[in-house]
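Each of the next two complexes has chain A plus one other chain: chain B in the first, chain C in the second.
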Partner chain A sequence: MGDLHLEAIYKEFPSHRVVDGITLTIPQGCFYSLLGPSGCGKTTTLRMIAGFDEPDRGVIKLGDRTLNGLRPYERPVTTVFQSYALFPHLTAAENIAFGLKRKGDPDTARKVKEALDLVQLSAKADRLPAKMSGGERQRTALARALVLQPEVLLLDEPLSALDPKLRKQMRLELKELQARVGITFLFITHDQEEALSLSDQIAVMNKGRLEQIGTPQEIYLTPATRFVAGFLGAVNWVGAIGVRPELTRISREAPGNGARVVEATVSSAMFLGDCFQVETKTPAGDSIVAQIAHGLGEFQRGERVHVWWHPHDEMAIPQ
Partner chain B sequence: MKQRLLPLYVISIYAFLHLPLLILCAFSFNSSRFTIWEGFSLVWYKAMWNDGALAEATWNSLLIAAVSTVLATVVGTLGAYGLWKKNSKFLSGSMYLSLVTPEIITGIALLATFQWAFRFFHLQLGMHTVILAHVTFSIAYVLLVVMARLRTADPALEEAALDLGATEWQAFRLVTLPMLKPGIAAAALLAFTVSFDDYVITSLVAGVDSETLPMMLYAMARRGANPVVSAISTVIFVGLGILIVASERLQKT
Partner chain C sequence: MMRLRTLFLLPAWAFTLLLFLGPMLIIVVYSLQTKGVYGGVVEPWTLENYTRLLDPLYGVILLRSFVMAGASTIGCIVLAFPLALYIARSGTRKTLLLNLVMLPFWTSFLVRTYAWMFLLRDTGLLNSALLALGIISEPLPLLYNDWAVIVGLVYGYLPFAVLPLYSNLERLDKSLLEAAADLGAKPWETMLHVVLPLTAPGMRAAGVLVFIPCLGAYLTPDLLGGGKSMMIGNLVQNQFTTARDWPFGSALSLALMAIVMLLLWALLRRDGEEML
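So, the complex of A and B:
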């Protein structure tokens, strides 16, 4: 057991450098997310940890054991694939038993039963993947990987194939499951909402490099780069200062008590259900969007207003 | 108007396709040896059953088809697997070439190859050359069917097997092969039928001891209308028809 260390990992494919010097430590028992847009190198990073690809340079360590050069079946790491990759000719129970049988585990039957219970699939044990719903497939894939009691569970966008409603439900289940089994989860996603709601720690990746590592709050509230600020949510930029639309206020009268104020003209106002989204233009040409609660009044197109926010809500990022 | 013409059109097409075979089939049950209907009889089927040379040719055909099917299925399946892993357009594309090469050219090429090889080995044309030739042209069919199955497979399946502790060999044997089973069975049936059917290539590379059923039928038919030929043809047609239907069924699962 131990923390998972990636030390100066590089990986190049014929067309381009996919992973460009990544160093990070994933603490044991942590729900850790690698967040980034598609093509940022996060899946390649996962594949190097699983052993499907080897890094060109750099060391992957689990505790003080080096994983480099070990075949996938020699690593104490299992994977939940984006496509689930369930064996189509095997039932749920047989899929879950596959890894235990390879290891010749004498306790296979009991462990499979426990794993099925863990993901609430006992009633579907004899179903083939083709006869399962998306959520059931997902749970089978989870149980199949967890039953081997890996030291690290790798999850490659495991929720992306589900419809939005089911995705939210599985998100909750995933979080509870991780708390129960206590295994390190490395979660790969491009969905910032997923990463924010699930993770203890997030590493944001872009173009093969790490942009920032931190807790969800740190990453959202004090992003280190413009990329991170923009990838995690909408930002209004006023010079080097950024402020989130939901923290931006609009009023007809000038606010007091130390608020930062910009005068602007309303260019559009949209009702979004839970709030109004008001877009304004400053004389300098910057566009500032504010999301304001219903109680704070309605604004008309062309109206001159004061756009303001509290200085402690500012994100100062050097360009 | 349109409603009435369409069934007529369909019937004409099916008649155009199947009428010759139906006529052949009908006359195999005719008691006369000429193409005038004189009453139902199984006399030609009896004659077929008692013909020793015919039995030998049938045995040859079945043996050649069975052996070449086994060999072509093994080689073709491994080849399809390799091409799938390699993912090379050029290598896969070149396999289709042997499907569109005219049979007569394949036959002549094989004959030339065998004759060249016989300079080094003291061998003659015979069963073994027919089997080799059949393996050669059946492989492309096996590849085609197995590749079609692989193309719809999730490439992550083998990785998942490795991830769960299987070695490369176990991943192939326990995951890929079972997944391919229906495709392999369909490919084998197809290989069997193309081998059993073949006349052009077989007649070029056969020796004295390896006359096949199609070769014999061809020789008999050349000598004039013979209801025994009709009877055999009917039996083959029905037999192969069953195999093709079985192969289609397997490809769907």
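So, the complex of A and C:
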């Protein structure tokens, strides 16, 4: 047992360098997310930890054991695949028993039963994957990987194949599951909302490099780079200063002391259901968007307004 | 529209009726008549040709044919599986390798079978080489026995086993192999518990495609078995030539056809449209 260390990992494919010097430590028992756009190298990073690919340079360590060179079946980590990769000829229970049987575990039957209970699939134990719903397949894949009690569970965009409603529910279940089993989860995703809501720690990746590592709040509220700020949510840029639209206010009268104020003209106002989204243009040509709650008034196109925010909501990022 | 459709279907219907159902009907009629002195068929109508089929003498030949065809089929699948696996994993060279598998079809089967005779006979390439190397002092009897026939059949029908296995292995989701390794399966365990069960449909298809022509084979046992290794195909040929017993030959070939149809029906019921 121990923390998972990646030390200066590089990986090149014939066309380009996919992972370009990544160093990070994933603390034991942590829900850790690798967040980034598609093609940023996050899946390749996962594949190197699982042992499907070997890094060109760099060391992968679990505690003080080096994983480099070990075959996937020799590593104490398991994977939940994006497509789940359930064995189509085996039932849910048989899929879950697969790894235990390879180890010759004498307790296979009991462990399979417990794993089925853990993911609430006991009633579907004898179903083939083809006869399962998306959520059931997802749970089977989770149980199959968890039943081996890995030191690290690798999750490769495990929610992306589910419909949005189910995705939100599974997100909750995933978080609870991790708290219950206490295993290190390394979660790969391109969905910032998923990463923010699930993780203890997030590492944001772009073009094979790490942009920032931190807690969800740190990453969202004090992004280190413009990329991180923009990838995690919408940003209004006023010079080197960034403000989130939901922290931007609009009023007809000038606001009170301490607020940063810009005078602007409303260029559009949209009702989004949970809020109004008002887009304004400053005389300097910057576009500033504010999301304001109902009851704060409706604004008309062409109206001259004060756009303002609190200085402590500003994100100052050097260009 | 209807008339255009009929027009287009006409060649197919004509082909089926004239060249498939027609000859079949003739065989059925022949099988129910009596043999003529110089071949051909004469009256009276009889069922005797079918009761003769029950003679253990023919049962033995039928059984032999099944054993030989079965052994050849197993041989084909055992050889074809690793080959198909290799081709399926060969990336850009797949097309080239598949074409190489099909290459023998560019030459006549008869010529290729003669080539095997030149390889296997007492003064053939294999025996000469072994003699020259001093490994043996007398030629090995490689030709004119059951093994020579099985070698010839495996050689002849190997491509029919490679192609369905290849298409099955090619479609196999690679993430399943990664998942197996991830869950602790060593490569041979992945092969045994994931790849083999998932290629069962391909193996059944390969089995049918090889077994059926092997069962009715006539050229290979004739040339490589030297008449000593008789299969049902040779028996049928015998009836139409040496024995001049066309009615019994017809009954024999209908019996063989019935057995093959029964086998196909059993397999189709299992695999359904996947096989087609």
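Simple rule for what comes next: the second predicted complex is superposed on the first by the 319 of 319 C-alpha atoms of A that agree within 3 Å, B and C clash if a C-alpha of one lies under 4 Å from a C-alpha of the other, contacts with A are read in each partner's own complex, and residues count from 1 in each chain.
The definition used in the following text is that a residue touches a chain if its C-beta (ideal position, glycine included) is under 8 Å from a C-beta of that chain, and two chains touch if they have at least 3 such contacts.
Since this is a predicted model, take the numbers as computed values, not measurements.
Undergrad: Is this a clash or a fit when chain B and chain C both end up on chain A?
TA: After superposition on chain A, which the two structures share, chain B runs into chain C.
Undergrad: A:Phe98 in the overlay: touching chain B, chain C, both, or neither? Say first, second, both or neither.
TA: It touches chain B and chain C both.
Undergrad: Considering only touches as defined above, state whether A:Gln178 meets chain B (first), chain C (second), both or neither.
TA: Neither partner.
Undergrad: Where does A:Phe52 make contact in the superposed view: on chain B (first), on chain C (second), on both, or on neither?
TA: Both: A:Phe52 reaches chain B and chain C.
Undergrad: Could you pull out which residues of chain A sit against chain B in one structure and against chain C in the other?
TA: Of chain A, residues 50-52, 71-73, 77-79, 81, 83, 85-89, 98-99, 102-103, 144-145, 148 contact chain B in one complex and chain C in the other.
Undergrad: Quick check: in the complex, which residue numbers of chain B touch chain A?
TA: 154, 156-157, 159-167, 170, 174-175, 178-179, 181
Undergrad: So in the complex, the part of chain A that touches chain B is made up of which residues?
TA: 50-52, 71-73, 77-79, 81-83, 85-89, 98-99, 102-103, 144-145, 148
Undergrad: Under the stated contact criterion, what part of chain C meets chain A in this complex?
TA: It comes out as residues 173, 175-176, 178-186, 189, 193-194, 197-198.
Undergrad: Where on chain A does chain C make contact in their complex?
TA: Residue positions touching the partner: 50-52, 71-73, 77-79, 81, 83, 85-89, 98-99, 102-103, 144-145, 148.
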